[in-house]
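Each of the next two complexes has chain A plus one other chain: chain B in the first, chain C in the second.
Right after this comes the complex of A and B.
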């Protein structure tokens, strides 16, 4: 099912939690609502589920306007951050509960519940109480309970934040698998960019209630709409140099040499931020180009992360292990065309070539 | 000095003086309380237990003819005691469940309303802070034969008035209402505390699953409240088994026709009156003690079962 939101607004007294958000979530995709805490992502999720009334705007499920409908009429499955499994019911009873409410005959609902228990790999624990399960197992039960009523939309609120690091990686792959297997349109909330980028098809990045960018996960990294997006996505974070744009060149404040960056629609003398992904920084043996000192090096897998002294600032660059410089070495630095962006220093808006 | 006291020395250097001074302090703080308990609870309990086995016991002369089960034989074959037991059990069986059901409904409603919360909380708290003697006076006025509130309404409606306080059938009915009324506030408070311990997320989860108010009440609220319900049911049963003051305050005797003669009334009368029979009173007390002990054990079992 396709989800469309139009000019969605949520106000709490004076605080605007969600501000005029528009988006269309394609059917059958996994969508991440990403942003720092207080960005309105959970509020968005609660409005999609129907738990929280909308202040302004519309929500459509396919062509049906569901803005004023209660949660059960929207046919959504919701997985809570702390799972909210009923403590007095066994795993099987928990999964059966939504069907019991729908007055599905007992034999049928047990059969269905077992089917979904198998799907989330919890079928060995059907008689256990929630308190007898680990966090990851409780998570699986919560997902099965949300899926058993065949919702049109599955919503997960910070699904992995209560799990330990190892389980988190395992469960995010599980969520991906379960989503693919069930084919249900899924929206999940997270503040962890790695979590979002590793499993989702699309990401909506938000800040202070405002949508920053909604795009395919890969595009968010390769084609950020503004400085906030470029800064939020990517680990290590994107390099940022402040300076002045002049006739196709960027003059950083931090050091002397200008960087040729090509023609942008920018007035000469404007203040801009020149941002570059660490893998877009080219580090070579000292030659005629900009020279910097290597401050620190970290080997991670097949690459080495070099921290370079760029005047007062720092540049991070990924270099192949074989050609990696030593600490204290002087190297020449230039930039690739890919993975470098220019932003307005004040507004953070991106300039295009 | 033992290792245990060395480890628990309040952070000071361990020495002999410390230990003795500590015992002194413990005695100082616990003493008065323990003295009260020993004099008014433990000694009477042991004494009553022993007394129940003393045959032909006289409290004034402190003489008895021998040890034995004669008192128990007498009490358990006494038709007055057995009818008292029946009256008491009937009271428990009627008052405890009805008051519990009313309390659950009121507590859930109170927990869900935001408006008038302060007024409502005062209202249901009133019976608890008002003395039962005062409430009994009001009850007597409400149910009085001549000029009573309810009889005035009945006669205004053209019906013949009912002798609430003077007939066996109706006096029983008034006692039950009085009993229910008096235990409501305490029950509601405990249930409200239990309700406030339920994570509201369960209600939200159930609503998302399409559960209606009644579904939520039966499938979520009541099961999650069951530890509190079990506790309240047992505590109320125990106090209902000891019913005496409500009867006394309403009627000054065990009901208009000796029809509200409870176990405690039996014990009370055996202890006093013109021909006191202390041994019988003690034996009846011990029988009641064992009934209550069974309920206390039941509470333990129930609480373990409903511990999520």
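Right after this comes the complex of A and C.
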């Protein structure tokens, strides 16, 4: 089912939690709502589920306007951050509950519940109570309970935040698998960019209630709409140097030499932020071009992360282990075409070539 | 050395407990013991224990004192009272904890502060109310004033408040209405609290005396056991052995109840810090 939101606004007294967000979530896709805490992503989810009334704007499920519909009529499944399993019911009873409310005959609902329990690999624990399960198992039960009524939209609120690091990686792959198998349009909320980028088809990045960018996951990294997006996505974070743009050159505040960066649609003398992904920084033997000193090096797998001193600023660059410089070496730095962006210093808006 | 002081300490503790228990237990023992003796045996102090277990006292008391009727009344009043109290308490506690309406907390505070009013003061107004409802001298007069309890509502409300709202939202998304959520999720979860409340209420109802006396003054057919017993002592003449048999009949159901539900009563009393 396709989900469309139009000019969605949520206000709490004076605080605007979600500000005029528009988006269309394609049917059958896995969409991540990403952002730092307080960005309104959970509020968005709660409005989609119907738990929270909408202040302004519309929500459509396919062509049906569901803005004023109560949660029980929306045909959504929701997995809460704390899973919200019914503590007095066994795993099987928990999964059966939505069907019981729908008055599905007992034999049929048990059969269906078992089917979904198998899908989330929890079928060995049907008689247990929630408190007798680990966090990962509880989450599987919560997902099965959300899916068993065949919702048109599955919502997950920070589904992995209560799990330990190892389980988190495992469960996010599980969520991906379950979403593929069931084919249900899924929206999940997370503050962890790695979690979002690793499993989602699309990401909506939000900040202070405002949509920053909604795009295919890959594009968010390769083609950020503004400085916030560029900074939020990517680990290690994108390099940022503040300075002035002048005739195809960038003059950093913290560094004496100009760096040639090519032609952009910018007035000469404008203040800009020059941002570069660590893998887009080319480090070569000193050859007279932009020279910087290597401050520190970290070996990580087949690459070495070099921290370069650019005056007061720092640049991080990935270099192949074989050609990695030593600390204190002087090297020449240039940039690839990809993964290099120029932003307006004040607004964070991106400039294009 | 430490071992020795520990042992003395624990001995003292047990001794204290033993004395306390003996003081509590002795009247019950005396009552039951006496109920098996003949009148002569009881008054002559020849032996501490009865020579034979005389069931005849119970038969006599049972027949003489109209106890079958009292017993029936007691059971009826207790069962109906507890059932209605539970129903009202559950709804009220849910309303005061999970539903949002203007003045909710203010109303609840007022209700709670009303717990300060001594029961004896309420008896007059209750009496008037019952009279105006034309229930005076009818068995419902023993039930109607006790179908709700602020105290139990307070206990249950506290429990309901501790249930996270995400369960409510989850149930709503699972398609449940407020009503279904209350009875399918909240009530089963609150079972331990509810059992405690039911037991405490059952004991209170069973032992209710003052009000029963007042209401049954116009109709002896609605007497319940505790007042029936008092009436029996004056109506049957001075037969201590029969009195004791009557008293035993009155307390036995509660003792049985206690033996079966000891755990829930104790956890309830210790958790809520409430007294029976």
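Simple rule for what comes next: the second predicted complex is superposed on the first by the 353 of 353 C-alpha atoms of A that agree within 3 Å, B and C clash if a C-alpha of one lies under 4 Å from a C-alpha of the other, contacts with A are read in each partner's own complex, and residues count from 1 in each chain.
One rule holds for everything that comes next: contacts are C-beta pairs under 8 Å (C-beta built on N, C-alpha and C of every residue); 3 or more make two chains touch, one makes a residue touch a chain.
Keep in mind that what you see is a predicted model, and the values were worked out from it rather than measured.
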Room on chain A for both chain B and chain C (clash or fit): clash
First, second, both or neither for A:88, with chain B first and chain C second: both
Chain B versus chain C as contact partner of A:49, first or second or both or neither: both
Partner chain(s) touched by A:129 [first = chain B, second = chain C, both, neither]: first
First, second, both or neither for A:98, with chain B first and chain C second: both
Contacts of A:76 with chain B and chain C, given as first, second, both or neither: both
Those residues of chain A which chain B touches in one complex and chain C touches in the other: 49-51, 70-72, 76-78, 80, 82, 84, 86-88, 97-98, 100-102, 145, 149
Contacting residues of chain A [partner chain B, same complex]: 49-51, 70-72, 76-78, 80, 82, 84, 86-88, 97-98, 100-102, 129, 131, 145, 149
Interface residues, chain C side, partner chain A - complex: 164, 166-167, 169-177, 180, 184-185, 188-189, 191
Contacting residues of chain A [partner chain C, same complex]: 49-51, 70-72, 74, 76-78, 80-82, 84, 86-89, 97-98, 100-102, 145-146, 149
Chain B residues within the chain A interface of the complex: 199, 201-202, 204-212, 215, 219-220, 223-224, 226, 306, 308
